[in-house]
Each structure stands twice: as C-alpha cells, then as structure tokens.
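Comments concern the structure below.
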Amino acid sequence: MALFRMPSLGADMEAGTLVEWRIKTGEPVRRGQVVAVVETQKGAIEVECFEEGVVEELLVPLGQKVPVGTPLARIRGAGEEAAAAAPSPAEPAAPLAVTEPTPAAAPSARERGPQLPPASAPAPAAARAIKVTPAARRRALELGVALERVHGTGPEGAITVADVEAAARGAAAELPPGPPVAPARAREAPEKPSPRHGFDPVAMRKAIAAAMSRSKREIPHYYLESTIDLNRALAFVEARNRERPPPARLLPAVLLLKATALALRKTPELNGFWLEGGFRPGPGIHLGWAISLRGGGLVAPAIHDVDRLDLDALMAAMRDLVQRARTGGLRSSELADATFTVTNLGERGAEAVWPVIYPPQVAILGFGRIVKRPWVDEAGGLVVRPLLRVTLAGDHRASDGHLGSRLLAEIDDLLQRPEAL
Amino acid sequence: MRREELERVVADVLAGIAPEADFAAVKGEDDLRDELDLDSMDFLNLVIGLHERLGIDIPEADYPKLFTKNGLLDYLAAKTGQ
Amino acid sequence: MSAKIRLDRARLLDLLRQMIRIRRFEAKCVELYQAQKIRGFLHLYDGEEAVSVGVLAVLRPEDWVVATYREHGQALARGIAMRALMAEMLGKRDGCCRGRGGSMHIFDAKTRFLGGNAIVGGGLPLAVGTALADKMQGRDALTCCFFGEGAVDEGEFHECLNLAELWRLPVLFVCENNLYAMGTPIAIAEAETDIAKKARCYRMPAEAVDGMDVVAVEAAAARAVEHIRSGAGPYFLECRTYRFRAHSMFDAQLYRTKEEVEAWRKRDPIELLARWMSENGLLHPNEREAMEAEIDREIADAVAFAEASPLEPLEELERFVLMDEVPQERLWGEGGAGA
Amino acid sequence: MSTAARTTYRECCRQAIRAALLADPRVFLMGEDVGRYGGCYAVSKGLLEEFGPERIRDTPLSESAFVGAGIGAAIAGMRPIVEIMTVNFSLLALDQILNNAATIPHMSGGQFAVPLVIRMATGGGRQLAAQHSHSLEGWYAHIPGLKILAPATLEDARYMLAPALLDPNPVIIFEHIMLYNMEGELDPSVTSVDIEKAAVRRHGRDVTLVTYGGSLWKTLEAAEALAQEGIEADVIDLRVLRPLDEATILDSVRKTRRAVIVDEGWCSGSLAAEIGMRIAEKAFFDLDAPLRRVCAREVPMPYAAHLEQAALPSSARIIATVRELLGRGG
C-alpha cells in the first residue's frame, strides 16, 4: 500500500490546493502518470504519481488546501489485498489550520463525534521496513517527500539526504539514464487548460519576492559580462530555417541554451546547488529557462539534460514549455529540479541583464537583446555585427570569477562554431 | 480568402498563443508585437499557426512584412490569393 | 630545640585537654552518626589520641601534615577549627571542604593539612612530594606523615621510605600501629612484625615508642624533628597504640576479644596522663570536670554551627573539578614560601 | 623572519622541556632513566648535563612514589614534569593519578590545586607486544579533574608543554611512540598553541574523521586516498582528549553528516565510544549515516609484525569504513 502525497514543488512551497483529480477510485495508475492538478502560489501544476497500482481511495476533496506531505490518495500495489476503507490513523489527511471546514462538512463531523486515533497506532508497514537516516528523515519532512518512494543509496540501502533531495527534484534521479523525458511528456499536456489553471499574480509576486530576497540576502553574487559576435550563429540559423517550414524552424535562443549546456559540461562547478554550507553538483544539466508570463511574473521550468538534446528536440521542448507555462500546464518535476538558470530578454528587451541567482542554484546566465553595433573583426577591420551581451551571475561561495570567465569564453567559442552545436 | 476570414484565422491562432490578446482592437499600422506583447517564440508560433491553418509558406525573410496588422493581412491575402 | 621537652603544668594540662577534646568530639560524632546526621564511614580515634597530640605538639605552622582516614585527632590537634570540622562531618557548606570530603577526607590549606587520605598508603607519596618541594625551595619545613601499620603491607610504603631516604627528604614518618588493619592482625599480614626494623633497612633512623604515653610520644617526636631539621633526612617513628572502638561504625569486632580490649583500656592515654598528673599534684580536684564542661560547650557550639550551616547549592556540584587558579599559592604567596 | 628548520618530534619534546626549565625555576623533570640514560625514548638526552641532577631527577622504579611525589611537590609550590616510560607502567601509579591528583582539588573543596604535568609514551607499532604497546589514554580521559593532551604534530609537541605547566590542573601528555622519529619543519610562524581546541587538519564536505595522536597521520593518508575517489573528508585532530572540544566535532558532523572515529584504543568503552555517543546525543538529527569506528582490534597487542599491524588501525581500514559509509562498497 502506498500513499500519494501533496508534493513539494519548490523550497518555497508549503501547501497546495487540490483542484482536479485525473484519476478515479478503482482505476489503475502508472508510474509517471499525471494524477492531479494542484494550485500553488505559482499557479496550477500537474502532479505526477510515482506508484504503480490501483487507486484505492482519494483522501482529499477538491478545493482543499493541505500542507506538503499530506496523503492525497491511497494506491494499492499489484497483488496487494484491498485494505480497510479508513485512511491509516497514523497518516490522517491534515487540512491547513487556516482552512475553515465547509458548512456542509461540519454537521457530519458532529454526527460522527470525535474520532481520535488509537493510542498506539501501528506505523505503516512501509515505514517500518525502510531505513532512513535521521538527517534524511528531517529533510524529507522539510521537503514533503514521501519516504516510501525514495530509493536509498546509503549504507545498508538507507535513504540519505541526497536521496531525499534527488526525489524532491523529481523522478530524474530514479529513472535510468536514457533519452530525455521532457519532450515525450509534452504530448500529454492538455490542449485547453481550464481557466482556473491561470496563475494568481499576487501569490506569484510573493513567491518571487521571497526567492529573490533570499538570494540577495544569502548569496554573494559576482558578475561577469562578455559581448559575443553572433554573426555566424545567426547566419547558421537563417540558412537552416530557409530550407524548413515554420514548425521546423529554430530560434537563436536554441543555440544560446545549447551552447550554455555544453559549456557547463566543462565547468560543472557552476551546475548544481549550494546546500548545507557546501556545493552539490547537479544530477544532470537541467536548464531552468526563465519565461515571463503575460500580465507579469516569471517561471523558470527546467529542460532536462539540455547538453544531450539535439537542436530540434531542444526547440520542441522550448516551444512546449512556453506554451504550457503561459497556460498553466507545468509539471511538478519541471519546477523543482533546474540545476542552472538562463534568462533571455529576447529581441525586444534591454541590451543586458544582470540576473539574480535562483537559490539553491549557484549561477545564472543572462542574455540581452541582439543589437547591431560596430565591431572589430579578426582582420582588424571595423564592421557592423549583431552583438549579444552575456552576463553571468555566480555565487561567490561556490565559485570564483576565474571559473565564470571560463564559462563565458566557452559559450563564445561554441557560438562561433554553431554547426557543432 | 476574404480579409474578414483571414482576420478571424489570425485571431484564432493568436488566442492559442496569447489568450487575452484582442486582435480586433489593434490598429492597422500598429506593431502587433508591441500591442499584443509577442516575443520571438510567440511570433514563431503565430507563423506556424498560420502555416498550418492556411497551408502557406512564410520564409523567415518575410517576417518584417508581418509586423503590422495591415502588413500581415496584406501578406496573407497575397499568399492565399496566389 | 632540645630533644628534652619542658613538662610544666600548663603544658601537661594542654596535652590532657587536647586528648579529651578529641575523645569527646568523637563521642558526639557517634551520637550524630546514630541520628543519621553523619553518614558514610566514620573511623574513630578512641584510644590513639596520644599519638597525634604528642607528635603535632612539636610541629611548626609551615610544616605539612599528611594523615589517614582516621584523622579527626590529627585535624583537631593541628588546629583546624572545630566548627569547620563538624560542619564537614555533617556535609555542610561551611565544612572545611564544603561538604565534598566528609570524615575521611579532611583538608585544610591554612594549616597545611593535606588529607584525610582514604587509600591505605596513598598519602606517603604525597608526603615525599611536599618534602621534596620544601627541600628544593630551601624552606626549613618538614612533612609529618601518619599512616597505620596496614600501610606497611603496601608497596607505596617501601617505595616512599626508599625515596625519602635516597633523596634525604625532610619527612617524619609516623606509623600508628594499632595492631589491626581493619580486622587483620599484623601477625598474619607481616613476615616481620617489627616495623621500625623495616625502616632501618632503608638506612633511616627509626624508633618504636609507647603510643599510649603522650609524653613519651612528644619526646620521641622532638628527637625525630631535631634530626630532620638538621638536614639529615627522614625519621621513622612507630607509635604502638590501640583503638578501643570498632574499625568503623559497623563492625562486630569478631577479630579480637573483649578481654583484649579491656586490657588495653587500662592503658587509656587520657587516664594514664590524668592519673599521673593527679598523683604528682599537677591536676587539681574538679579541674578535669571544668575542662570537660568547657570542651562540651565548644562541641555544642560546633554542632549548632554545623546544623545551621546551609547545604552547598547543587549548582556548585561540579565546582573545583577543574581549577582556574592555584589557591594555596594565593594563600601563601608564589612558590608556597610564605608561612 | 626565521626559516623553518628540519627537526623531529622527539627534539620538539626535548626543546619544550628545556624551554620550560629555563623559563621557570619551579620546573623540574622526574622519572625513570630521564637523566643519565637520557630517557627511554631519548627525549631528555643532554638535559642532565645542562640542568644538573636536582632538576633532572632519575627516580627508582617506583611509579607510585615518584608520581605521588610529583603531586605533593606541585601542591607545595613546584611545577614538576613527571615522565612515565610508557602508559602500561602508569597503571602502577594509577592510584596516585586518580585518587589524589584528580580528586584532591575537588575533595578539598577547592583549597588545593595540583599544577602537575605527567608525560608518557603510548601506542603500538614497534613490536613491543602486550606490556608496552597499549593506548590507554581513553581511560585517563574518563577521569574528571584531569586534562589529557595528545600532541600529534611537531608544533604541538613543541608548544603544548608550556600551557600545560601554566594550567592549575594535572595535565597528562601522551606522546605516541611512532611519532618520536617523525621529521619535518617546525612552522616558524607558530610560537604557541592552546590546549583547549581540537584542530581541523583537513577540510572536506563528505565525512568527518575524528582522531588524535599517532592515528592522525594514518587518517590523513586515508583522507588523501579518498579524495582521489571524490570523497572529501574533514579530519579533526582532537589534540585535547579531556575536556573534549565538542563544538569542533559537532560543527563538522553537522556539515558532513557522517562520522568515523579513529582511535588506537580498544573499541569497548573507548574514547571513540564516548565521541560517538556525544554525536548521537547532540547531532542525531544531522546524521545521514550510522556512526563508525576504526579502533584497535580487541586483543592484547601481539609481538609478530603482521599480527601487530592487523591489530592496529590502518589507513586501509579507514578507507574501507568510509567507503562503506558512503554507500560505495566493493
């Protein structure tokens, strides 16, 4: 028997409101299936389930706001007997204190009388069987991670802090290495999301305020900037697009993301997290791509393993992501597990951006607007070229400017050889 | 294809990209990208949408012709009229 | 100082008074023990008073005293205030060790009283050390070390006699031979029961003296001290004595007969001296009663003081485990040279 | 600026004693064979000639008497340095150390302090077998009233003695026999050390290795090897075995979340057990792995080299333990 819980989709998420079930009692569920939609301060997010089995009971009614970690549904594994109908007394659904019970629910509660859990409620079988270190147990509580679905890699197979954090960032750590998952999943996105899936601008502003304040409070930023000649890169895109119909065309941003990902392979110290006073490398190169939303606000969902995507796959992933971000169809695993963030102001933005690091990441890259400016070419001649100002903000606790400079130089080098991307 | 029909197709495609965009309110010589807050990805999606709905090719070199409402509708009329 | 001591009436009265004071102090202790105000082990000196009183009579303030767990006599004879001693017996904050030592571990820096050592033989190395320090620092002081004949069984006895003589240290070794180490008679513990003879094996001058005769003890101690202060090294004194009471409070005394105890009681050091003084017109009628009444008043005052003294607060429990200064040097000045 | 001179741990111990004798007339050295022989491990060689037999005192083979004499002398105004040849012999003086040195200050209600320093050799590795090779410093670290030091570096060997002599409490300094020949350059920038804090000799994020004395160098060797595998260890040199610098240990464990304690003492009832328990008591919820120990095997130290080496902690055992702790078996 497994419990599907309110997931934590980010360090700043404490609770979520269940707005839609995509499963029904008695239906089978697969690992990775989208089973619910949860409204958060960052908007409605499709939530995946990591259990296989049959839905035995939905434990939380629609519209209820519950803390991270609260069991939302019970799932019976293949071959397991159906359990008693009542939820495990050790794991009661816990509505947030701020949520008033609905008038309709109150009388029935009175009729039933108080229902206290038995004094010595047995622990769920799964909790007894698994080994969890004390620190991992605490971390799981903080992140709202259900320990039953975490794979332990510690001594005697114990679940460690790293295991919990990997699980919190999504299923990536649990899946075998292979083809990237983001584009494939994109096909499951709903065509017409319901209007209530839109973002709450006030809550989003608060979330951005919290994350950015924390960043500026805790992270000693350093900044580096380079101007890159995009003549060859743009010519490459233009020539390629000329032969292709619109759906197969690339945007210059694809080259920028791919170059960034490849450059990060050579500077892994910038790809990861600052946690517990030390640097932890990211499990892959998952680029958070900052997408501004209509009506204000910003999300930075991750594209997984960008360094391993070819340009077409990356372009498809980007298109899909923008589409879903703007319509509120992002998935849980996409919001929590970026290892590095890129912000791209695009063709109508300012010439340069000094971005703010998204904690606990340790660096962020900002691309300004491509502008035509005088440039001295390799031969020493004065020419007009499309130039791009690229700005890196780094966490000085985790790296130094020397390393950051290497990243910028590598990106420049890659963009001069676009055919290699 | 009549200009009203083209205008409806464009509005339809835009609704999938920028649901709140009001294409009808845009004046003829205004830049669509500014009025409707379209970035390059949105613009590409518009081009893709029009390509799929109208079955026309829109080379990248022609993009600047599509920036104003009048320019876009003229271009589409010319393409679909061919 | 001459080895011949002056035995005027005042001096003899003082010896008598000190022995009675010890005897009556301990009698009060027994009473308080049975009233459960004193706990732990309580070893009584009843019968052995002449040893401490006679020996300590010839010491100076700058000399060291190292004693055993049967040390109430030495403590009082050395001049530790009875109030502080009684408060320590009751485990009170105004006790000389703030309630941390109790009956067996009496310490007093002002009189250089270095225990109260409840490990048989354990005090001898300390005495060698204080004497070594005095000698190295050129101080004219000696260390007087008391121990029972049971300590003679211990290796430390032999190590220390050897070392003290080897280094010519100013130590007065005083063996209080009361014939029993707890319940073990010396005859079944020592192959050679002549203890003074053992000391002589370490080339140390040694003599055995009647420990029930305070005058004889004092005279012998005076001879010993003269030898030591001349720089000739340690001296060994065996005082043959007897304890009238049990080893500690809970002792059925299966190891000796009542007849043996009664025979020794006839040689009670207090009665021996008092009788001799009376016979020689040195102790007037009623004088002893007055002396005892005065002592009883002092004891009553000490008990009242001890009863009124507060307990050491629990927050102070771990105090003095580690020290942040060397307090005895503050008392005497750097190097311990002050007197 | 003075230049670093090549020296040995033994020489550092000697220079420390020499400097103490020069600095304070109350200081003297006492022990078996410290004078004419020059010290069992040759630490005091040459000092008799320089300071004379009053201050470099050869003693008879009577540990209890001369250790107790050191206690008495300290109480009476001297600052003795008592040398015991090896920790196994110190058991003959345990009565004096425990029943007198450690207890008199408290038992006297704070009237007497015992400003004494006892030095002794400890540890195995020289095939001296079961009566000269044990590491019993953990026993001494059990005793309230004592301060226990274990210099592992040249600087600590050279500079721990002075603060130990200034301390009003009995201080026992354990010198590991395998360190006496250790050569190196004494850091000229160091002119004093404290006897309160542990030292972090190597910084890492993945595991805390707590050790002291002769085991420090095995532990550092293991840490370097582990670094080749990407495992970065914090290596804490306790330096002071009592009172333990708990803060340094806990800070490190809270960072790395894993701890391995390396201690040449036997495992049962050891200093390693004490440290492990303190971590469990005060940093339980920070732990991301069980606590582990690498201690001497539970046998009297054998003579044959291969048996002795198998009984002692080794860097290989440390490496294997850390690997297992980080889930990198094999």
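In this document, chain identifiers A, B, C and D correspond to the written order of the chains, with residue numbering beginning at 1 in each.
We adopt the following convention: a residue touches a chain if its C-beta (ideal position, glycine included) is under 8 Å from a C-beta of that chain, and two chains touch if they have at least 3 such contacts.
As the structure is a prediction and not an experimental result, all values here were calculated from the model.
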Most centrally placed chain, judged by C-alpha centres: D
Chain separated most widely from chain D, comparing mean CA positions: B
Length of the line joining the C-alpha centres of chain A and chain D, rounded to whole Å: 51
Distance from chain C to chain A - Cα centre to Cα centre, in angstrom: 83
Chain A and chain B, separation of their C-alpha mean positions in angstrom: 33
Cα-centroid distance, chain B relative to chain C, in whole angstrom: 114
Residue numbers of chain A (touch at least two other chains): none
Per-residue multi-chain contacts in chain B, two or more chains: none
Junction residues of chain C, two or more chains touched: none
Pairwise touch network: line, ring, star, complete, or other: line
Pairwise chain contacts, counting only pairs that touch as defined: A-B, A-D, C-D
Touching residues (chain side chain D, partner chain C) in the complex: 26, 28, 54, 59-60, 62, 64-78, 80, 95-96, 99-100, 104-113, 115, 144-145, 147, 168-169, 243
In the complex, chain B residues that touch chain A: 17-20, 33-34, 37, 39-42, 44-45, 47-48, 50-52, 57-61
Chain A-facing residues of chain D, complex: 205, 255, 257, 284-290, 324-327
Chain B-facing residues of chain A, complex: 238, 241-242, 245-247, 249, 251-253, 294-295, 318-319, 322-323, 326-327, 346-348
Interfacial residue positions of chain C with respect to chain D in the complex: 64, 95-101, 105, 107-109, 114-117, 119, 122, 124-134, 136-137, 143, 155-156, 159-160, 162-163, 166, 318-329, 332, 334-337
